[in-house]
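For reference, the structures are reproduced in the following blocks.
The same chain A turns up in both complexes below, where it pairs with chain B and then with chain C.
Up next, the complex of A and B:
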C-alpha cells in the first residue's frame, strides 16, 4: 500500500480534515467488439469487465491545507473527489472528511464542504447569479439576512458587482466560473473540493480564479483540494501535491520536494552571431531543437558539468545570448507520467 | 453559521423555477395558452362522441369533464411542483445527479423540485376551468375535487419516479420512461367503467392510471370513505415503492464524465 508520505509523527499534532485509507473503486463496464457484428453479439451475450478507477489509495490532508491532486485523464482524480463528496460509494477502504464518512453522512458533510465541478455548472442559466445565490442560501439553510451578508462579502472579494444582475447565459466563461466558485463558498465551508475549476478559461480568467481561491484560503482558512490539468493552478495554490496515475498514488509530498526530486534536467537556449550547422556532440546532452542561428539543448547537471556544456557551446561560434532554465512544472508532471509508462490520454 | 433544516428550500426552488420560466415572456404565455388549447381540442372528440351516444357504461359528458379536470390538474400540479419526475432517467444516465448529491438535502426531493414545467401550468388551469364548467361548484365538492387533484398529482409523481428509477438497473431507460408516461396519460383519460377484469388489474398495478383518473372521479361522483381509503392506500403504497426504488437504485449510481454546457 502506498502509505502517506508524511510519517505518523508529523501528523500526530495536526488536525486532519481528510483521512483516506486503502480506497478502492471500480466500475462494471460492458466490453464490445467493433462494428455491427460486435454489437449483435453483445446484445445477446454481453461481456462485462471490472475497470479499476481508484486502487488502494491512502493519504491524509491537514485542516486548512491546500492540496493539489493531479494525474492524467482517467487516473481516478474525479472518482476520488466524488467519493470524498459522498457522490460515489467505494468498493472498499475507508475515508473520513471533516470527521464524516462521506457516503454515510453525505448531507451533514455537504453543510461543511463546498464543491465545484468545472464541467458541471450550478448556476441557473437563464437567471442572474443573485437569484442562484439566494436559492443556494435556502438549500444551505441560511436565513435571508445571513445570505445577504455573505453574498455582499463574496461579491466584494470576487469583484462580482457588475455581474450579479446579469443573466448567467450572458456572462463569459471566466465570469461564470468566478460566480460558481463564489456560490460554493456561500455557506462558509471548511473545505473546498475543486475539480478542474479552470477548465476552458483564458490565462487572465485563470489568474483571477486563483487569486480569489488563494484569498479565501488565507483569510478564511478554507482547506482546498484541487484537481487540475493546469500545472499553474497547482503551483499557484498548493503547497503539497499528490500525483495519481492509473488509479494509484505515485507521489505524495510538498511542491518543493516534487521539484527537487524531478528537476533533474537543465534547459539551455543559445543564439549565435553567425549562421551555421548547430549540434553539440557531447555524451549526456540532448538536442531539443536546432536552427541556423541557435539551438536548444537539455542535460542532466549531475552527469554532465555545466561548465563543460557552456564551453562546448562556446566552441560552436560567437554567442549573442544564452539562457539556462529549469523545465516548467508541466514538463515535470509529464516526466512523472512517462516514468510510470502510462498513456496520458488514456481514458 | 446558524442553519435551518426545514423544507423551505423547496419553496425557494419553486420560486426560482417560476422566475426562470418567466424570463422569456412570450414563450411563457404561448406555452401556457398552447397547452390549454391542446386540451380543448382533445376534449372536442368526447363532445362529438357524447353527441351520438348519451353515455358509456354509466359515464356521461359531465363525468368526462370531471375526468379531464382531475387528470389535467393532477398532472399539471405534479409537473409544476415536481417537474423532474419525468426526467430522472435522463439525469441519472447523463451523470447529472452529482450536483444534487453534492448538496445537503434529500436527493429525490431536491431533484423533483428543481424543475417546473410551464405547459403544465396550462394543464392545471385548464383542469380548474373544466371543473367549474362541469357544474356543482359547492364548497364540499370543491374540497373533494382539490383532494382528488392532490392525490392524482401524488400518484403521477410516484409512478413516474418508479418508472424512471429503472435507469439505475437498466442504465438507459429514458425512452421506456417516456412511453410509460404517455401510457399513464392515455389510460387516465378513458372512462373508468370501460375496463374490467385483467385490464382493470393492469390499470391499478403495472400502469396505475386508474389511481390518477378513474378512481378519483368515482370519489367525486359518489363520495364514500371506502373509495377515498382505497385511493389513499394506493397512492401511499406507490409512493413508498417509488421512494424505495430510488433509494436502493441510488447506491448503484455511477456518475459520469459528460461535459455539461449549461443546466
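Up next, the complex of A and C:
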C-alpha cells in the first residue's frame, strides 16, 4: 500500500485544512479472566491492558475538499474524529485542523467546524427546529439579524419552510436529519464533520441529504469529512477516500483511483427466452449463479474481451435481457479489507 | 467568525439556553398538569397530617410554630425539591453513552451550560408549583404569615437551587469513576430529607440535632428559605445568606475541581 500523501508535491500549493502526522492513540482497559474466580481476582488485582485504537496515521486534507473516511466498526474512525475535534488527546503524533492544534485550542476550533453525528441529535426534541436555530445562533455569538438571515438562507437551500415550526419529535427521520445538517452549518463553518449522516434513512431522503451537502460544499467551499457505512454516501459526496482498518490507514487516494485499482471485475446478468441448463466454459469467466432461465457471471475485462463474453452468452440461446455492471463500492471496500487482513504489514 | 465574545453576547448565549427549558415545559401541557397534581396532592396530605398533629397536641404552637407557619414552611421546602430537574441522571447518562464528548464540541462552558438549563427548568416548575401548592395551603390555613418574607425567601431559594445544582452535578460526575450513581443519589436524597427538614421543620428536632443540622448545607437548601419565609427578620436573613454563600463557595469549588478532573480524564482516556 502506498505511503499517505505526505511529501507529495501536489500538496505544496494547496491550502491544507487538516494535517495529521503519525497520530497514535491507545486506551487503557481492564481485562478479566473468565468466570466468577476471574471476577474475584480482578477485584483484588486488576489487570490493565493497552488497546491501540489509532496506529501511526498520517494524512492531509485540502481546504474545501470532500474526504470519505471509511472503515469497519472499531477501526479507529471515531477516535480519529474525536482527536481532530479536540475531544481526545493523542498519545503521540501531531495534528492541525484549520491552523489549530485541536486539543490545545478546542474552544476556538468549535467556531470553525460544524458537526453532525447520526447518533447524537442536536435539535431540541420537543421544540420546533426554528427554536434550536436561534439558540445555536446565540451560542455561536451571532446577533439576531445575522441568525435570521442565515436561517432564511439555509431554509431555502434545505427546503425546510414547512418543517420549521413543527416540533422535532413530529418530523420524520429524513426531515430531522435535513434540519440537523442545516443547523450544523448555521455558523458558516469551514469544515463539516459528518458521522453516519444517512443512517436509517430511505433512499429518497438519503439522496436529498447528499444533494444539499454537495450544494453547500460547492456554494460555500465548506470542506466535508464524512464517515459512513453507506458506500453510496461516499461515492456521491467525496472525491477522495481514506480507508482505515484496525487503527491503520490502508488506503488514501482519489475515488477514481480506488475504482481503477479495485474495479477489476464486471458482472453480467442475463436472461433467456427458453428454459435450459447453461454454462459458459471460457477462461477467465466465473459463473456466480445459474438458474433455469438465466445466469450471473463475473469476468476480468483485462483478460477477457467484453465482445467475446457477449457472443459466448449469445450462443447459449435467445437472450431477452442483459445487464453489465461494476461491483458496488461496498464490495470493493470489502476486498481492500480482505487484502489487508492477508497482509498485516501492508500499511 | 467572532472569537472573543462580549458580556452581552455571553448573556445572550446562556440566556437562550435558559429559555429553552421554559419553552419546552410550556410545549408540554402534560408536564404542567402532572406538576400541579403532585404538588396539590402533597400539600393536601401534609395539611391533613399536621392538622391532626396539632389537634392531638391540643395546642396552637409547637416549637414556636403555628399550623399556618408549618404548612407554609413545608410548601417552600417541597418547592425546592419538586422544582428541580434530574440533573445527576442527565449528566451520568451522557457520560455512560459517551455523548458528553459531543457537548464539548460547542463553544460552551460545561458548568454554565448545565446551570443555565437547570435554572430555566427550575424557574418554570417553581412558578407552577408555587401557584398550585400555594392555592391549597391558602385555602386551608389562609394567607402566608408574613408577606415581607417573600423577597428574602426568593433570594434564599435562588441560592438554595445553586447549592442543589452543585450536589446534583457532583453526583452526576461520579459516573466517570463508578458505573452506577444510584447509591450517591439515594444517600444524598435521604440525608436531605432528614437533615434538610423536608418532612418536618428542624425546629421540631431535639435541640442538639437541630443545631448540627442547621449549619449543614442540606438545611441551607431545604430548611432555610421556608423558615425565612414564615418568620423573616434581618438577623435571620443575614445569617441564612452568609451560610448559603459559604457553602456555595465550598460546593462550587468542589464542582469546578471534579468537573476539571473528569473532563481531563475524558480527553486522555476517552471516559
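Here, the second predicted complex is superposed on the first by the 303 of 347 C-alpha atoms of A that agree within 3 Å, B and C clash if a C-alpha of one lies under 4 Å from a C-alpha of the other, contacts with A are read in each partner's own complex, and residues count from 1 in each chain.
Here, a residue touches a chain if its C-beta (ideal position, glycine included) is under 8 Å from a C-beta of that chain, and two chains touch if they have at least 3 such contacts.
All of these numbers come straight from a predicted model, not from anything done at the bench.
Once the two complexes are overlaid through chain A, chain B and chain C clash, as defined at the top of the document.
Looking at the shared chain after the overlay, A:27 reaches both chain B and chain C. In the superposed model, A:165 lies in contact with neither chain B nor chain C.
Applying the stated contact rule after C-alpha superposition, one finds that A:140 touches each of chain B and chain C. In the superposition on chain A, A:117 makes contact with both chain B and chain C. In the superposition on chain A, contact is made by A:108 with both chain B and chain C. Chain A residues in contact with chain B (one complex) as well as with chain C (other complex) are 27, 79, 82, 85-89, 106-108, 110-111, 115, 117, 120, 122, 124, 126-127, 131, 134-135, 137-141, 167, 187-188. On chain A, the positions that touch chain C within their shared complex are 27-28, 79, 82, 85-89, 103, 106-108, 110-113, 115, 117, 120, 122, 124, 126-127, 131, 134-135, 137-141, 167, 187-188.
Touching chain A in their complex are the following residues of chain C: 1-3, 5, 9, 12-13, 15-17, 20, 23-24, 27-28, 99, 101-102, 104-108, 266-270.
Across the interface of their complex, chain A is touched by residues 1-6, 8-9, 11-13, 15-16, 19-20, 23-24, 96-99, 101-106, 110, 251, 253-255, 257-263 of chain B.
Put simply, chain A touches chain B in their complex at residues 27, 78-79, 82, 85-89, 106-111, 115, 117, 119-127, 131-132, 134-135, 137-143, 146, 167, 169, 187-188.
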